[in-house]
Structures are given as C-alpha cells and as structure tokens.
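Okay, so chain A shows up in both of these, paired with chain B first and chain C after.
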Partner chain A sequence: MKTLTYQEKVLYGELIVVIAAAIFYVHFLRVAPPGTYPIKGILLFFALLMFCYRSFHSRRSGDIITDERDTMIDGIGAQWANLVLAIGVASILVMFWEHARPVSVQRMVDHLFYLLMLSIAVRIVRQLVAYRTAL
Partner chain B sequence: MSAFTYRQKALAAELIVNVAVLIGFLLYLALCPGSHNFAPLFLFVSWYFPILYGVLKIHTTEDTRTDERDRDFENRGRRDGYGFLSFGVFMLIWLRLDDPISLLNQLLVIWILSRLVANGKQLRLYAGHESWLPDSFRASLRQRTRRRFETRLAEVRAAQANLGPQDEDGKQ
Partner chain C sequence: MSRLSFQEKMLYAQLVGLAILVAFYLHFLNNTPPGHHWFHAAVIVVLFLFASFRMILRRGSGNVVQDERDRQIAAIGTRWSNFILWTGLVVVLVMYWDHGNLGKGMVIGIIFHLLLLAGLARIIRELVAYRVAA
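Up next is the complex of A and B:
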C-alpha cells in the first residue's frame, strides 16, 4: 500500500465506491417497488462523491501535482470507457428499437445503470493498469 | 479549408454529418410521432461515417499518418465526449421518464451530441486552443495556481531559513 501513488489510491477508492453502488442497487433498490426507495438521492450521492472528490481534495490541499503522464493515462482510461459506453448505448438503442415497443422503462434504466457502472469500472481498471505499465 | 490537415478535414466532415444526423432525427421526430422503425438508421450513419470517409480517402495523396499529438487530441476529445455521454445517461436514470420511446429518443440525441462534443473539442485543439474555455481564462487560472504554489514554496523556504540560523547558533 505504501508503494501506491496518490492517483492510484484515489482510483482504488473510486473502484470500491462503484462496486458498492452496484451491489447496493442490485440487492436493495432494484427489487424494491417503484417509488419506495430514494434512488435519486443514492445515485446523486455516489455521483457527487466520485466526481467531486478528486478535484476538491486536490484544490484543498494545493500540493498535488499532475504531469503529462497522468493526463495521458486519464485520456487512455476515458477512451476505453467511451468505447464501452458508446457501444453499449448503441446496442441498447438497436436492441429496444428492434422490438418497436420496449417492454418497460425499469428494464432500460437497469441496463443503463449497469452500463454506466461498467464503463466507470473499465476506466478505473485501465488507468490502474496503465500506471503500472510503460506507456 | 485548404489549410486543413487530413485529420482536421475528417473531423470537420464527421462534425457536419453528425449535425445533419441530429437535425434529421429531430425533424423525423417532429414529422412522424409515435413508433420509429427508421430510427436505427441515424445511429448507423453516425457510427459508420468515419469508417466510410477513411475508405473513400484510401488513395488520397495527403499525409494520413498519426503521431503523438493526434493521439493526445483524440484522447482529450473522447474524454470530453465520454463525460458528456455519462452525464447524459446519469440524467436519464435520474429523471426516470415514464415513456420508453421518449427515453430512447433522448438517449440517441445524447449519443449524437456526445460525438459532436468529441469532434468539436478535437477541432478546437487543432486550432491551437487549450480547451473549450477561453485562452485568457485558462491563462488566469494557471497564473493563480502558480501563485498559490509559489506562496507555499515561499512559506516552506521561509520555514527552512528560520531553522537554519538557529541550528547554526546552536552549533556556535
């Protein structure tokens, strides 16, 4: 753990949050009847936690420096995540449009949620791999 | 336009096609409400146009090689596109629309817009700008960050300078 850089620690933290969010959604929120769970609050909480932590922490401390390699790794991770998300969204569109009348909104929202979590996980894992390999 | 490189021309063509696809889809929605059997066609055109452009320009005399700069711009453009797409998908989950057809339509619009964002960012980078923000604003942000670091560095140096003479006094 001591050999991890700050960026890697943040990425591991984000990965844990993503896994926790997916497990929480599958076990508690998805099976509950619609309107009886605070899905909006939970989603907003996790999104804000994930997307604001890094920038907030770096601004607050003022001594975290990112270089060209960090930017490049960030771009590589985003490229993979973008590919996964774009293919997934295109697949969902074609798959549901093929039926002309989609089954339910809940099913589509489930697919979109899993896809979003998958793309975030792919981005994090790809960045973690890139930090440990030569670019 | 003649001053554009091959990459810029390809990006500009892709941007124009995506704008045309978006306008065409919105017109199609306005003129034909209800179920849309031709909707995947817009997705197909937007997805395959870059490949088609590359195939049509396969015998071009222009320099089609890519270097580190091109890959960097591509990554930065896709990062912005991914940010837009993920935010749009999150907003769709957040809103939880009742009508599935409406959800699909909005998903396609977000998908095309994310491609527009990626293309636009790359074109802006090729034009010499740093990001979507104005260059003067970016320069002021950078200057502020540099000033903060310099302040912290000065504090550290001052602390070290205060320790130094004491140590020397102790030695004397």
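Up next is the complex of A and C:
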C-alpha cells in the first residue's frame, strides 16, 4: 500500500464505491418499487463523501501533482469507458428498435445501471493497469 | 477546406453522419413501432460507408500521422462525451427510481438524444480544440 501513488489510491477508492453501489442496487433498489428510497439524498451524500475523501487524501499525500503521464492515463481510461458506454447504449437502442426488447422499463433500467457500472469499472481497471505498466 | 487536417476532415464527416442519423430517426424510427426496419443492416451499411470514406480520405490526404496533440485533443473530446453520457444516464436512473413514471418509449428517446448530444459535444469540442491552442 505504501508504494501506491495518490491517483492509484483514488482509483481504488472509486472501485470500492462502485462495488458498494452495485451491492446496494442488487439487494435493495432492484427489488423495491420506485419511490421507496430517497435516491437524490443518497447520491448527494455519496458525492459529499467522495469529495471529503479526495480533499483529505490530497492534504495528506505528498505526491498529488498530476503530470503528463497521469493525464495520458486518464485519457486512455476515458476512451475505454466511452467505447463501452457508446456500444452498450447503441446495443440497447438496436435491441429496442429491432425486437422491442427489453420487455419492461425495469429491465431497461437494469441494463442501463449495469452498463454504467461496467464502464466505470473498465475505466478504473484500465487506469490501474496503465499505472503499473509502461505506456 | 484544403487547410484542414485529416483528423478535422474525419470530425466533419462524423458531424454529417450524425445529421443523417437524426434525419433517419425523425423520419422513420420515431413514427413506427419496433421491428419494422432492417436496423442491423442499416448500421452495417453505415459502418461500411464510413470505413470506406475514411480509407479514401486517408489515401488522398498527406498528413494522416497522429501526433501527441491529436491524442490530447481526442482525450479532451472523450472526457466531455463521457461526462454528458454518465450524467444523463444517472439522471434517467434517478428519475425512474424516484418517480417511476417513465415509459419504455420515453427512456429510449432520452437515451437516443443523450447519445447524439454526447457525440455532438465531442466533435464540436475537438474541432474547437484544433482551431485554438490545445
């Protein structure tokens, strides 16, 4: 853990948040009817938590300077995430226009949520791999 | 037009592609029920046309080498596109989980327009970046 840079620590933090969001969705949100949970409040709380975590770590760590390599790695991650999102959303549209699937809005929302999580996970993992290999 | 780089030409071609897609959506897809189009075939034809156009332009053009600046500009555009897509999808999900009164057609319409907006934002941001110092 000592050899991790600030950027890598933030990426691991994001990965934990993604896993927590997926577990919350599968266990609570998916089975409850709409309007059960105060989603806006939960989202704001998580945004605040993430912001606090980021500012706390940026004060403590020494190596928080973003250099050329960090920017490049960020770009690579963004490109992968964008590709996953674009292909996924286009597939959902084609499935609907060709076969009228998914059959319900709940299914559609399911697909969208998993797609969002997949794209974020792909971005994080790709960036973590890029930090450990030569560009 | 001759002062445009290969990357800029490609961006303008993508812009034209988006305009054609919008016209196709408004004239055909928006008014008919699902399953009435050879949609897979249409997508494959468009992809084939785009690949051919890219190849012809690449052969005709001299300056096709992608340098550091091109990659940086592409990353800027991708970040904008990602931000719009993520924000839009989260808004759709929150709207459903909070109110639940979204129809299937409405969700598809929102997603389609979101994809268009993201593509448009990426292209315009990259074109602007090519004309100013990146």
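In the analysis below, the second predicted complex is superposed on the first by the 107 of 135 C-alpha atoms of A that agree within 3 Å, B and C clash if a C-alpha of one lies under 4 Å from a C-alpha of the other, contacts with A are read in each partner's own complex, and residues count from 1 in each chain.
Note that a contact is a pair of C-beta atoms (placed from the backbone, for glycine too) under 8 Å apart; a residue touches a chain by one contact, two chains touch by 3 or more.
Being a predicted model, the structure only gives us computed values, none of them experimental.
Q: If we overlay the two complexes on their shared chain A, which of chain B and chain C does A:105 touch? Say first, second, both or neither.
A: both
Q: Identify the overlap between the chain B-contacting and the chain C-contacting residues of chain A.
A: Dual-contact residues (chain A): 39-40, 43, 72, 74-75, 78-79, 81-82, 85-86, 89-90, 92-94, 96-98, 100, 102, 104-105, 108-109, 112-113, 115-116, 119-120.
Q: Note which residues of chain C are touching chain A in the complex, please.
A: Checking each residue of chain C against chain A gives 29, 33-35, 37, 39-40, 43, 71-72, 74-75, 78-79, 81-82, 85-86, 89-90, 92-94, 96-100, 102-104, 107-108, 111-112, 114-115, 118.
Q: In the complex of these two chains, what residues of chain A are touching chain B?
A: Contacts found on chain A: 39-40, 43-44, 47, 62-63, 72, 74-76, 78-79, 81-82, 85-86, 89-90, 92-94, 96-98, 100-105, 108-109, 112-113, 115-116, 119-120, 123.
Q: How about chain B: which of its residues touch chain A in the complex?
A: Residues in contact with chain A: 35-37, 39-40, 43, 47, 72, 74-76, 78-79, 81-83, 85-86, 89-90, 92-94, 96-101, 103-104, 107-108, 111, 114, 118, 148-149, 152.
Q: Help me check something: in the complex, which residues belonging to chain A touch chain C?
A: Its residues touching chain C are 29, 33-35, 37, 39-40, 43, 71-72, 74-75, 78-79, 81-82, 85-86, 89-90, 92-94, 96-100, 102, 104-105, 108-109, 112-113, 115-116, 119-120.
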